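First chain written, first letter: the chains are A, B and C, and each begins at residue 1.
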Amino acid sequence: MKLRTVEEKLFQLLMIAATILIVTSLVVILVTVLVKGLPALRLSMITQIPKGGFYLGKEGGILNAILGSFYLAGGATILAILISLPIVIYFNVYASKGSVFVNLCRFSLDVLWGVPSIVFGAFGFTIMLFFGLRASLLGGIIAVALLILPVMSRAMDEVVKMVPRDLLNASYSLGATRLETSVKVVVRQALPGILTAVLIAFGRGIGDAASVIFTAGFTDAIPTSLMRPAATLPLAIFFQLGTPFPEVQERAYASALVLTIMILVISIVSRILTRSFTKHVIK
Amino acid sequence: MHLIRGLQDKLARISMLALALFAGLLVFLMAFGLFLRSRPILDSIPLMELLLSSSWHPLKGEFGLFPFLTGTVWVTGVSIVIAVPFSLLCAMYLAEYAPVSIREWVKPLVDLLAGIPSVVYGICGVLIIIPLIKDHLAPLFGSFSTGYSVLAGGVVLAVMVFPIIIHVCLEVFASVPYEVREASLALGATRWQTTKKVVLRKAMPGILAAFVLGLSRAFGETMAVLMVAGNVARVPRSLLDPAYPLPALIANNYGEMMSVPLYDSALLLASLLLLVVVLFFNVLSRLVLIRIERGIQ
Amino acid sequence: MEYKAHIRVRNLSVSYGTEQALKDVTVDLPEKKITAIIGPSGCGKTTLLKSFNRLIDAVDGIKVQGEVYLNGDNIYGPGIDVTHLRQKMGLLSQRPYPLPMSIYDNVAYGPRIHGIRKRRRLKEIVEHYLRESSLWDEVKDRLHTPASSLSVGQQQRLCLARGLAVEPEIILGDEPTSALDPTASQRIEEKFLQLKAKYTIVVVTHILRQAIRLADYVVFMYLGQLIEHGPARKVFENPQEELTRGYIKGVIV
């Protein structure tokens, strides 16, 4: 009888300890980035592009990488929306419920979700070889769009699935086609969830480095065309950390702080958006 | 009027179907694309030799992947050994014990952990784990290490897979009907006994699937590992030895691969290997999870 | 009393997979009258109703045999435009399902889809049908607030206005008052009694008293079969079938 209680207490303690450790690891990461990054952070870092000898510790900033990441993740997100939204509407409005094809597609997307980003990069690279493209913003956008496609489409799928069947029927019985119903009713009803899915995907796109390493290249200039290479923030961090100069490494910490803040802001904004876009949603 | 609308609807249906087909086949497309590009090296060197040879000298045309494969296995293994107990305990706490207020606080934090970019993990590994190993852990065992090692890679990866395992485990726990717990508690079992003998047993396949999903994420993770594992093309002998995992190899050599014959083919073969292994793990665990999901309905 | 048939059902059988929901139903529903479809739950009432505007098409593994004629055309025949057919029938479901948009846009949704773009015209339509469903006075000052902010009873009347705005010939009600409180139910019933001057109304209900209050014509279903149909007074006062008698007396629930 007593052993039982001891075991109960022991495991409860272990569980709480594990939970604290995991939360602590998040706190440690955030604090480390803040403590190491803040002293090295200068306004010039986010308003200037690298000047000559930047990676040797000279003047300049990482505006090229910040903008490059935004262009790249933004482009990829738009491309991924253009693919995900129709797919999800097909799954939930057009296809018959329990369709084998749809379930196979969902399965395939789930599996794709687990494929490492470096493999998306390598695949993007083979596509570019196929079309004779060089490392460019466009190449990066394609690789990242494919990378975030499963995240986005499955997250959207989960919310669109929740749209009540009777709401669709209400629209059908007014003589609306499935397309009209999808665009005007389904998307509006699921809008908060769709926005969240888009932001999650955007966050994943902006933070990923392995998929763009082959495909987007790197440059000190701000990209001016889809065919030009583009710098990205995660790669800028990686390269700065890789130099042997402490002052450049410190800039890497500062850049990591910028990236982390961006991710935090995206995460918070998605929470706020989710709340404020619910006014039309039918419960 | 409604003729045009009907036509629009049909056109939309066809294009949506085409996109769905594309998404559904993307995995195969990727495997096929990478396979085509790996053909040159597979044609000139037998696969077994590529996998089992330790000699990596691209300039001499030798592409032995064995050190990288073992590096990946070591790092992934360490990360799973660390991640499994902690994430399972944490998931059990959140699902079975924690008051709602704590659960509502911890869950978003775990999600946030999942959203942190891998370079940031890498930087934190360099700043915290590496000095810890170099200055404290290695001397403790009387050996020297730069800190860039299997252990460092494993620890960083473990933190990265926490959120995945916890997330999936929570879903699996939620699928165990509440009545089952009540039945056990009504028989006089303690909470832990109920969790251990009833919930865990019922959830076991799903928990294993969660582990395998975490494992496959660790297997393919690139940037963070690249930054802390040391990247020496030798088969690691101990936790404190450096390792050169497969993804790090691919990412590190993209610059020169086009100038050495067969180099690009070797790296794309390495990507294909990653893809195949990860697909195997993912298909397996997803099948288990689908079974569980069906069970609820 | 002779009725002019509006919907004619001929040998209609519907099955989901192996389960047969309707068995060989043949009946004529009169024009500009209220027809009540009654019967215990699971008897196929709703299936019969939804077969009129082909909403059952979307159900998995559904098989439909037989014919349903609307104005002489078989709606299950080839070359029938389903969206056009549905436009002719307004539907009120068990729970009101306003669309996720403003009150105004809910009513304007149908007309817009069917090609009306002029704002003045749309405004007139919205006002007209909101008045028609006695909702105008309650919402005229907040037409652009979300429909989800209305009470359930108001939402159901909004759904009625929305349905009427596509100018249907027929109103289908699938237990339209089951989610409403007694006052709100009464308003819907009153509305139906007024509307039957212009529309053919078909209501599924499991409330016998409601059927007695509303119906001119009654269809009694039991386990997917049509047991008895005829003018309301005749069916209620002098049922021919044993099953009907049992249901009306409350023996079969």
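Definition applied: contacts are C-beta pairs under 8 Å (C-beta built on N, C-alpha and C of every residue); 3 or more make two chains touch, one makes a residue touch a chain.
Remember, predicted model here, so these are calculated numbers, not experimental data.
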Any chain in contact with chain B as well as chain C: A
Work out per-chain C-alpha centres and flag the one nearest the whole-protein C-alpha centre. A
Highest contact-pair count belongs to which two chains? A-B
If you take the mean of the Cα atoms for each chain, which one ends up farthest from chain A? C
CA centroid of chain B to CA centroid of chain C, Å: 54
Using Cα averages as centroids, what's the distance between chain A and chain B in whole Å? 17
Roughly how far is chain A from chain C, centre to centre by C-alpha average, rounded to an integer in Å? 47
Residue list for chain B, restricted to those that touch at least two other chains: 2, 5-6
What are the residue numbers in chain C that touch two or more other chains? 83-84, 113-114
What are the residue numbers in chain A that touch two or more other chains? 175, 177, 180
Please give the residue numbers of chain B that touch chain A in the complex, ascending. 2, 5-6, 8-9, 12-13, 15-17, 19-27, 30, 33-34, 36-37, 85-87, 89-90, 92-94, 97-98, 106, 108-113, 115-124, 126-128, 159, 162, 166, 190-193, 195-196, 213, 216-217, 219-223, 226-227, 247, 250-251, 254, 267-268, 271, 274-275, 278-279, 281-283, 286, 290
In the complex with chain C, residue positions of chain B that touch it: 1-3, 5-6
Across the complex, what residues on chain A touch chain B? 4-5, 7-8, 11-12, 14-19, 21-23, 25-26, 28-29, 32-33, 36, 83, 86-87, 89-91, 94, 101-102, 104-105, 107-123, 125-127, 129-130, 146, 149, 153, 175, 177-180, 182, 200, 203-204, 206-210, 213-214, 234, 237-238, 241, 252-253, 256, 259-260, 263-264, 266-267, 271
Residue numbers on chain C that touch chain B, as the complex places them: 81, 83-84, 113-115
In the complex with chain C, residue positions of chain A that touch it: 96-98, 164-177, 180, 184-185, 188-189, 191, 279-283
